[in-house]
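What follows is a set of structures for review.
There are two complexes below, and they share chain A, which is joined by chain B in the first and by chain C in the second.
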Partner chain A sequence: MLPLVLVNIVVILIPSVSSVIYSFTDWSGIGNATFIGFDNYTTMFGDADFRNALWHNILWTIFFLIVPMAMGLFGAYALTRVRRFRLLFRVAYFIPYIVASVVSASIWRSLLSPDTGVGKILGVNFLGDRNLALGSVAFVNNWAWWGFLVVVFLASMQSINPNLYEAAAMDGAGPTRQFFSITMPSIRPTFAFLGLMTIIWSFLSFDYVYILTQGGPAGSTDVLSTLLYRNAFGTLQAGYASAMGVVMALISGIVVAVYLWIRKTRNWEI
Partner chain B sequence: MSLSVKLPLDGNVGEVNRSNAASRTRSPVGTAGVFTYTILTALVIFALGPIVLFFFSALKTQNELASNPLGLPQTWQWGNFIDAWQQANMGAGLFNSVVIVGGTVILTCFVAGCAAYALARLEIRGGSAFITYLLVTSSLPTQMFLVPLFYLWSRAGLYDTQFGLILIYVGLFSPFATLLLRSFMLTMPKEFEEAARMDGAGELKILLRIVLPNALPGLLTIALVTGLSAYNEFLFAITFIQNSDLLPVSTTFFSFQQGFTQNFTLISAAGIIMIAPMLILFLALQRRFIDGLSSSGLGGA
Partner chain C sequence: MDITRRNVLFAGGAVGLLAILTACSSAGSAGSDLDYWYYFSDGNQQKYFKKHFVDDYKGSVPVRLTVKSSDTIDRLTQTALAAGKGPALIVTPGPSQVDAYSGAGYLADLTKYADKYKWNEKFSKWALEASKVDGKLVTLPTSYESMAFYFNPAVIDKNKLTVPKTREEFENFCTEAKAKGMIPLAAGNADWKGANEWHLTVAFNHNAGPHAIYSALQGKTPWTDAVFVDSVELLASYFQRGWYGGGVDTYFTNQFPKVYKQLASGEAAGMISGTWEFSNLAPYFGKAAGNSAEWDWATLPSFRKGIPPVVWDLGIGQSTGVNAKAPNVAAAAEYLNFLTTNTKTIAASIEAMNFQPPPIQLTVADFTANADERTTRLYTELPKAQTIGYTTWTFFPQKTETYMINEFEKVLTKQLSAKDYCAGIQLRFAKELAAGQVPTAPEPAGLSS
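Up next is the complex of A and B:
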């Protein structure tokens, strides 16, 4: 147990606590830090870049709560109803999830490129157009993500007692009715947990934005984590970046607290 | 589950009659028709098509890629892989990744193994509080501690070293690995350990001779999950290693892709080289991979 505690304290606990402390200072990363109270936090809420990034994270969250969740639920439910090739489908859907984000980004950068691939055929610059860039990056990230949801939902759906479906079918319920009356209520804990994790991860999303657009063009894909990264290592405002990290942690904390509260008041099992 | 009941399906799945009462009473599932299979297949194309096209791009000449981006290569340019290997420095990147991933996996298995055993078997005071703490730290936003960690590592001389990155990965991945391994160990029978204890075997001997062999499948699962995460990791790799001789393959590939030579055929070839080891490992051990990785999503179930 001791090794785990030690490595955890050094890598996670000490930096996390320092982050909270630095967030109240004007630390540049080098040299001394001066205590400036809540200045970083008040600056943040007046910062147009911050609000822009936060808004993109909210749009990102909405996208990821709808598109991959719907694809995951649909894919998993369809797989419970087929007999042949189920394992093969499951493996195929899961493969994009194990492809490294740098490579997935590269795959889609060349596919969407206005010089080659689909972008050329359609005459659209997916990653270079301010109005399309955020959606395109989210689309690429979703490509790597939705198959994971299929597999998790499928695992959850396979533990449903098949007699329930049998009884529903006897009563004349079709596949759609069975999905909403049996499947969804049965997998609700998994569904709620993945919804929770989707929200948390959406506020931390970094790789695809950083690799594909670096937040551009003109800030149209900037999210909190890329803004934080620029502040920390580009403009050397480590104190300000720490404050952003704390705000991101607070957002996750609030989401988790709401989830736990709902679970408690509704008496869901863990 | 009734899923194992084999229906006498004839080859054509489309022929399965929706109102076939016999098949419905035998099994409530498996009544899907052509429509379901069509959509499932379309999803397979969506998932794998881009990777296949990427592979084809790696085998084209640059001119051909520009004129015919979506088709099959006319002549298969296998030499692209050799060029990409040399120009993108993939050999060094893969070697560094082997060091980093290997170090991460070994240390994580050790750290998580000890802790999981303690939490699963030895009655430790505050054990459940510690489990909650692990749950919290494994879902804490890494961005929150990224900045102080960077300056802490600079001062400790761990910045721009492979050991420094390994240590971070162990810190990041060990909470989840511990929880996974603990739940695996809880399913292991206690009887053997108790019998050995009655025979007077010491705790260390029990650990090495009985617990370790029994826990091997669980250790293999966390090794795969941790190894894949470390191999694919990007944010910490690009932040903590700058020395081009030490870069793991993810950032080696990234810097090649960002470079001046926007040669998509070689970028594709380098990308295929990067994902090939993990794809092969995944296809060989897919059930263990999927079970281990998806358990991170079943936390609420």
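Up next is the complex of A and C:
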């Protein structure tokens, strides 16, 4: 326990506290920092780029709370009904999740390309059109993500007592009714937990956006993490970037607090 | 928590591990060799550099080369320097960031070595001036570059096009190329958003003109002046007509290999980019690519009356200083002198690998008969420039430059007017000018003056 605490202090606590401290300075990332109070925070909330990135994060979160969650639930539920090749399907769904993001993003860049891929066939520049770019990047990220949800939901669904389904079937409940009356209530803690993690991960999302568009075109795919990265290493405003990091952590903290509160009031067990 | 003997042993192990990691991170300054961190675009360049610039160096202290990725070298260097370590020679992306390194006290004052090694005689005056912070020479420019108009001569002839010298000729060139189903200018920024500023540099220098830029860099003319707004509007209109990269959307998704292929195949009629492309173009033309295509370059057209017909946009692609905490600053300065002034080795590296040289005087005599004429022409004509221009990545301060790169896309997509864009430049530039963060710019006269 003690070594873990030590390692955590060194790699988590100290950098976190440092970030909070630097968020109150004008640190460039090079050399000394000067204390500037809440200037970074007041600048941030007046910064159109920050608001734009935050809005994209909200859209991103909504997308990932709905689309992959629905796909994951449906996929897992469908798999519980499959008797043969279940393992094969699970592996097939899971593979995109374990492929390195840089690899899958590069493949999808070719697939969506207006010169060689689907973009050429449809005459659409998915990553170059600012109205389509965010959705296209989210689509690619979802491709890698939803299979993971299938596997987790499936594991949760397999722990449900099969007698419940048999009894429901005897009472005349069809698959849809069984899903909403037995499956969903039984996996609710898992569902809530994955929802929580989806929100947290959505606010930390970086790799697919950075690899595919670097936040462009014209900021149309910028999310907080890409904006933070650009401020820290592009304009050498590490203090300002730290303030953004603190805000991102606060958002995650609020989400976790709300989740814990709901779990406590509803007596959910995980 | 119970503190048992096992816990203490584990804790000791963890502390030991951390100590080892710390030691690894500080290895950069261990030993007597000069540590030099550098990056290369490919393995051939790396091998060549190691042999001719490291192994063949016979200075007072040997050099130990550590290869880093171009994406991470700046951050790794900054982290090491913050820890009081780092390599003996500090490679930076150019003058716009040197101020930050110098302000942090990371760079040794090289002024006395300038006298010892006669750098004032060997380097172009403008480049040394741009390398000073508060009057002290803190880096040396290790590579310099300009912007150029690239074309495939056979494609130009076949399509009866003329390499443009004026705005009228440029617009005719693009109009005719487009009418023939070609992309007038191969361009894209999917691999590097910084490509935006290459085109802005050209628009500002060849439309607004070097005198207007110089005046603005001194704080005498605001960036909101009509001449700059017009330049941005003009450039954006060219993009919106589909002249750059085939259209605004495709410009955002074109990657460099595609851009070079378009130029080689004749799908594109020309390309505007920096002289660093000499080495990048090679694999797409001639034997290396299995085709008979050739490329050539010309100076950029002048877009407005009163702008000199030839303006050489000057850029320092890289500045190198000496770590103030290096164990042997004198030896590091000696190696830096070798890297930047050994004309024989430098000319040979240009011939063999298309390395970009430092801004020193090179003549035809420095090259062999086998040298590529396109390369020797550039590096012998450039020092004779009658009028120089200012690249944004060399003479503009950091935040202004980054704003120009990022927000220009909003002008292209019509979310931001040229006027508001220029107001944003002025806002950032005024702050950085007041903070003394604008690199020193030479007057827009010839390099020999």
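Observations on the model:
Basically, the second predicted complex is superposed on the first by the 266 of 270 C-alpha atoms of A that agree within 3 Å, B and C clash if a C-alpha of one lies under 4 Å from a C-alpha of the other, contacts with A are read in each partner's own complex, and residues count from 1 in each chain.
Operating definition for what follows: a contact is a pair of C-beta atoms (placed from the backbone, for glycine too) under 8 Å apart; a residue touches a chain by one contact, two chains touch by 3 or more.
Since the structure is predicted, the reported quantities are computational estimates derived from the model, not experimental observations.
Residue contacts after overlaying the shared chain place A:115 against chain B and chain C alike. With both structures placed on the common chain, the touch criterion links A:225 to chain B but leaves chain C unconnected.
Of the two partner chains, chain B is the only one touched by A:83; chain C is not.
When the two structures are aligned on the shared chain, A:200 is found in touch with chain B, with no touch to chain C.
For chain A, the partner touching the most residues, choosing from chain B and chain C, is B. Contacts of A:236 after superposition on the shared chain: chain C is touched, whereas chain B is not. In the superposition on chain A, A:48 makes contact with neither chain B nor chain C.
In the superposed model, A:29 makes contact with both chain B and chain C. In the superposed model, A:217 makes contact with chain C only, not with chain B.
On chain A, the patch touched by chain B and the patch touched by chain C overlap at residues 1-3, 5, 7, 10, 29, 113, 115, 233.
Listing the residues of chain A that touch chain C in their complex gives 1-3, 5-7, 10, 28-32, 113-115, 125, 127-130, 213-214, 216-219, 230, 233-237.
Contacts from chain C toward chain A in the complex involve residues 1, 3, 7-8, 10-11, 13-15, 18, 74-75, 78, 81-82, 97, 100-101, 103-106, 189-190, 193, 248-253, 258, 398-399, 402-403, 406, 409-410, 412-413, 415. Of all the residues in chain B, the ones that touch chain A in their complex are 1-3, 7, 9, 13, 24-25, 27-32, 36-37, 39-40, 43-44, 46-48, 50-51, 53-54, 57, 65-66, 69-70, 110-112, 114-115, 118-119, 124, 134, 137, 139-152, 167-168, 170-172, 174-175, 178, 228, 231-232, 234-235, 239, 250-251, 253-254, 257, 264, 267-268, 271, 274-275, 278-279, 282-283, 286, 289-290, 293-294, 297-301. The residues of chain A lying in touch with chain B in their complex are 1-5, 7-8, 10-16, 18-19, 22, 29, 71, 74-75, 78-84, 89-103, 106-111, 113, 115-118, 120, 143, 147-149, 151-152, 155-156, 158, 162-163, 165-166, 168-169, 175, 187, 189-190, 192-194, 196-197, 200, 203-204, 206-207, 210-211, 224-225, 228-229, 232-233, 238, 241-242, 244-246, 248-249, 252, 256, 270.
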